[in-house]
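We call the chains A, B, C, D, E and F, going by the order they appear; numbering starts again at 1 in every chain.
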């Protein structure tokens, strides 16, 4: 029925003969950006991964947080803020939505109150998408969700090299006796053989820790760490050079925890640490990774109830997600 | 592809043989209510009105506001709050999503900055849906949008009886010389012959006006008015009896402006007036209209930037929308 | 210079021959209500009281608060919210800005950090205005400011009858050894002979007190008290009848502390007490006082930093102020 | 050391010969109410229950929430708001802190992310306090915590009669397959034999449910239910008469979920339902229970990140807690 | 009448013989900065431009916004934040209010909902002020208002050189078919011959654009552009040197859009872009322009409903406005 | 009584034989950080200073503020944010709570509304603690409180060298005729001989001042000043070298006013000035002071009602306090 409006018309699929990706947002110059159901960047929501380059998926889960909860609403907030993303990346000089077919597959099924089960659900739902050759961009959710993501990617590609930007290395062990919480995903991932520490670089760690030995743990596990106070002394290209040298050849995964930003830039997060990166710095480090090819990405720990009225955290996270998509465009150009 | 998850699986269509409406939300007991892309009550988003009883549509427009803007984000906020709506109305003892096929058609195309053109766009987009026999529930946007809605409904059904709950009668004429603004829709509707004032009842008006004659204008136009200070002395059944007597036979439209609520209950609105209804009172008046059959409904003037952190306005509006759907169930039982 | 715009043109004085008060707001139908420098209701700011019926004055002072501060910004917030007040009171059926000449004289000089001195300053500044026959409507500020107001009014008119709507009787004595704080103004006023308790009625008191005897103190001083739990059982006319009987003949002062409202209606206040009036109830009690002639009014204890994003407290306070002006219109009709 | 200041001096223990309870807050007239570490009402924090009439305990837990999290910060928020509570209840005409020895025992140990284990921890920690003859007033935390409380009380006193004020009956069974969540505590309690449904009355239930049969479940389990729409037609004394008739003789427990209030009064909660009680109504229902003797109380589901800037939810909850203490005073007078 | 207080006394005009500007704020050391009606920096509000060096004018208009509205309240917010500005610029070592006669002329008349008409109104109202030799400092409002400003200045001075600090070049053409919106003012200005692109420098542009060619448009029109990622590599003096070289001789206009700042520094804006300037950097770039003589200035796109509780955006904007006044002092020293 | 729970158990004193300080927080890995009564970092609250290395004390006072009040709630907010501080400083590579015995002594007695008296109370209460050899870390409160602190420290140690990080030098004289306000403490301290200006360095001053001579006053008094625009050109080590050279030998006091931070990083403060430090920069300057031995510290001017929902100001302040404790550890290692 031709005249039916709204969701159907704006978020339509590619018109045959048109030179644009199969799935892309409506044009913000004719469909006001604040209109339409809030999918990521107002991308379409197809039923299967056919013809999709990157699948965006929300993981609305925060059972595993140790301080401020709320990340279960992270996917909604990042989608809401993502409406302002226009198709062309002006710094990277790259078309994004003009080249990449991006679909929003909605949220993964999770089990509130049961972290271990949820990790399994995430892996089970993601694996077929990864196996279909689609790159995944997950919106957290607390950082434990990355464990499910890594299981899916490792199942398809083998152990991945991890590029992490985060205020915490997240390699702690137990929390109040629990093994699955947002401070432990990378320790669990190591134990499960999902990550290759020798091809991984964790950067941005800062803030107090429980004891001196906490600082040695990642290295003991074989990870390279660039702590926050060192990171800020590096130019983006210097950081990227270290990453490139470290990751070598093989499958890669990039995880971005918004708490790597200072609480002034990302107040809406669960475990804020004073003295972090500015958004501009973080975008610079991400952009410098151009050329690297990742099989999966995530942006996690956005907690909307702690964000300001102007949503600076969600805006920063949406822009990081956009830069991750741009990395994908540049890697597959 | 069976294993693909998320949007596709949760918001699926009716399984043949299943005794439920064609379009309905996922079950909140297995799919956490905060998960999934935020359509109204997480209802599906089909491409055509076939098999739809009530179509929910957003109208993200606030060019026509005279005090606080922000209603362009009203549809998003009401959809976000609507996730908490369970299927069965416990006061009306009526299944809602268990009986009614409800789809979210997304947002209508509007033209920011051009009120007159937008009214035309709204009418043009809605009319085929109305003509298909689908009832419409629009989420504003400022109150001018109702003019487009009324054009669509009157085009199909003829002039409608109007049941209005609002702090303002919205029959003013010009504002800074402009004819189309959120204080004038019902005057314009009368001029265009879209509304039958003899079958209409406007209730809840309160707050200061420009001059004494403002109070007489609705009556001069043939409307019945129950002012706010009188309304609160009526029991819901008394109010409903007056409505029933007034509207008689013929097509009906119900418009609910959240500013009929007190600013404590609905701070997130554009033209708040002190001393309004409580949400409980408003729900009572709406519920009492059971048995009346409306061809269209709207809930307007939700302005999220002025809502509190707990979103009381959006929650109230989502629940009013739910009661409107319930009226539809009861009228078509 | 005729073409100069802005403040000067909109807030102009009466054009000779025009049938309206000397000082009145611009017309909101041609000058958008949110435009213009934020005086009370956008009224003019003349340099002397000649031709003024009611002078609105801010008293930006909160040194004397015992819990949450911020009332120093109360005048700004009430002025900001007052822009929505249209000229005609639709319940009282009374022109307000169409009959009454209302000017905003800005804020009184105060001494932050010195409560006793400030009370003196308030009195000294107000007295000449009162003596000029102008009624005053002061916007607080914490409730101690009323002591300065009462000094000015009593100096001109003799001891006044007090009509108080407040969650607290404010007749405590010392606080941390200090005599001048927002819990003591009416005790100080009695000691200074500014108030005639036999012609006064305090209503709305609620919330815990320090000891049982606190409940007897107002009565021991000769005040009549209607506690909050009793007040809400009275219809507005019943309350007003008690007030009329109590106050008899003689000068009157009405003080409205927004904390008489429930924290849901007035979160933006310094000493909130659960379980208060709704705004609608409070407006009803104030409106019922029609016919009484007050020489002064105030609305106090609005603390903007604790108000919600939609400013329900400031909106309620601005509307109470509007009803007070209406009482003045009705008393002098 | 006599001159050491601060915490130690203000929150001191009873001076021998002084006629006041062993544990009580400092005097707000000499120690400003906003000063001091924020224990409940600034009560002392002794190390053992000797000499304590009522123990206040926080249970900072929200793993079991199904919509908005944050109740883990509920105890902090209620303590913060409780500073404004003065010692004497002016409606009940009862000394509270002047008669009752009240201590704040801090927060119970919980296990974030593990609901079942936490319930066990709560019970184990509370039981010795209950066994010592101390009444407990717990500050939630989501409503699942009541299951641990009930275990402790039933272990000492046998199955308790339950007086519940809540928007939900919380007798659902599974949520995403989980047995222990904030919608199931009273079903679990029944299964465990902790509650005597024949001596219990649940009041205030409202909002949509999953299916029609949800409305019958509490009755099928033997509970009496007064739904919200019926409750508001009862005067406090009528409600209390029904409670008294129902509960008969035997141990009693009172649980107050702040979501029984309307979202305008309690926006800061996890599962808000439109159209609830006002704070004034709720206080009235609670006060009417005077004379009943409860062995335990709780106030749950305060979620600070969703509360407004003026903290209306926390203020309401702190006042409900105060009324519960007053019930204790009156029952033991 | 000597004793009349408030607005009149504090905001008085120059006392003959006194060595200070004709119009200046009251002294914050004797008149608390939060007192008084909120004009810009509490400057007087004369009726004509005689004796005024710089006229501050609000333009409360946001019909032309494409994402978040609210800039209609920008002038009020900047005035409110400006109360903290003391007279002497400690970095530029320049008296500001001690040398410059600054008056607040209130807000310009606008037509909500009609962008094209409003632009005409702005021009008509500003032109006589500009023609009187007064420099203008306008407080937006959305960025379309600059088109009216430019018309007024070009009418008097001829085409102006434009110095723009902004996240967007604002030279787009149509938006939903509309020609006048906040993304098009400089294209319209070029078409109307109001701006000399060869004497203009646009700096700070960042964020995604619609297509690659968007980046070329400003240059095609003859503008020089320093994109954001380049700007931050320049020291203030380097930036200023480029500006000086570019603008040469002739009339100049400086426009500052707060969205040039990062959302952490300016969350309260309509079209935030991640990764912008810090306030300190922006102040540095503005200060470096010392010596240049502008005929007009503006600070636009402050949207208070999206600002944080501490108003960082309004504070930043007020300080930028102060630096603009300082440039005026330095240019006319 | 072994089984009693909560406050008592978690915040227990040292177990004999255990290798940790006498007073230290519970372990956040077993006692969730958001649990427990909110003392600073959840440290114990002993009754006397025996065995305490550093005493944390709140000073809930804001009578002396000249712009935005609220600092009376500063101690509560910093305590609340301090729960996230883990024991080991990862940048300074220093145990903090693992080495230092830290106790929270609650809040000092103050007299709201009486600044001069309060300063005396502060001094009287602090002096015995200082005399007992305990270092003090006070949480303001507005900056006037430092005058009381300095009196106590100078009484014991003689005139102290002052290391100040602040946007204002706070050496003004009178404010509205009052001598004791938050802009005058260091002038008063000089007059009283509490500070040795020749051993003092004030850094970070920025923002407009009243007149040019304001800039000379600190120097005239013998202080060294590094203004904000100069400070940011110094690397932390350069700043620290200047401090070391300046302070020489003798008692030292460090005062940190959060307004030295930019309003984006510290919106929750009373006298914000645009263009300040980032939190990261400020932490860097503080950390660089390692090796210096201070007898007292404070962090002042945190005003929670103006902080954002994510509490960036309180988080920054808590981390600064943590760095101050770390300086103490390093100086006494």
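Operating definition for what follows: a residue touches a chain if its C-beta (ideal position, glycine included) is under 8 Å from a C-beta of that chain, and two chains touch if they have at least 3 such contacts.
Owing to the predicted nature of the structure, the values given are computational and were not obtained by experimental measurement.
Peer 1: Of all chains present, which has the mean Cα position farthest from that of subunit B?
Peer 2: Of all the other chains, the one whose centre lies farthest from subunit B is F.
Peer 1: Looking only at residue numbers at the subunit B/subunit E interface, is the share used by both copies over half or under half? Answer same or different.
Peer 2: same
Peer 1: Looking only at C-beta pairs in contact, point me to the busier pair out of D-F and A-E.
Peer 2: Greater number of contacting C-beta pairs: D-F.
Peer 1: Given that subunit B is a copy of subunit C, what angle of rotation, in degrees and a multiple of 5, matches their CA positions?
Peer 2: A turn of 120 degrees brings the C-alpha atoms of subunit B onto subunit C.
Peer 1: I'd like the Å distance between the centres of subunit C and subunit D, where a centre is the mean of that chain's Cα atoms.
Peer 2: About 38 Å, centre to centre.
Peer 1: State, to the nearest whole Å, the distance from the C-alpha centre of subunit C to the C-alpha centre of subunit F.
Peer 2: Distance between chain centres: 40 Å.
Peer 1: I need the residues of subunit B touching at least two other chains; which ones are they?
Peer 2: 32, 34, 66, 68, 72-73, 110, 112, 175-177, 262, 264, 278, 305-306, 308-309
Peer 1: Return all touching chain pairs.
Peer 2: Pairs flagged as touching, ordered by label: A-B, A-D, A-E, A-F, B-C, B-D, B-E, C-D, C-E, C-F, D-F, E-F.
Peer 1: Under the stated contact criterion, what part of subunit A meets subunit E in this complex?
Peer 2: 27-30, 32-34, 83-91, 93, 95-96, 98, 262, 264-265, 278-280, 283, 308-312, 315-316, 318-320, 322
Peer 1: So in the complex, the part of subunit D that touches subunit B is made up of which residues?
Peer 2: My answer: residues 66-68, 172, 174-177, 205-212, 214-215, 227, 229, 232, 262-264, 267-269, 271-276, 278, 305-309, 313.
Peer 1: Within the complex, which stretch of subunit B touches subunit E?
Peer 2: 62-66, 68-70, 72-73, 110-115, 117, 175-178, 180-181, 305-306
Peer 1: Could you pull out which subunit F residues touch subunit D in their complex?
Peer 2: Those residues of subunit F that touch subunit D are 1, 3-11, 31-32, 34-39, 45-50, 57-58, 60, 72-73, 76, 79-80, 104-110, 112, 125-129, 132, 305, 309.
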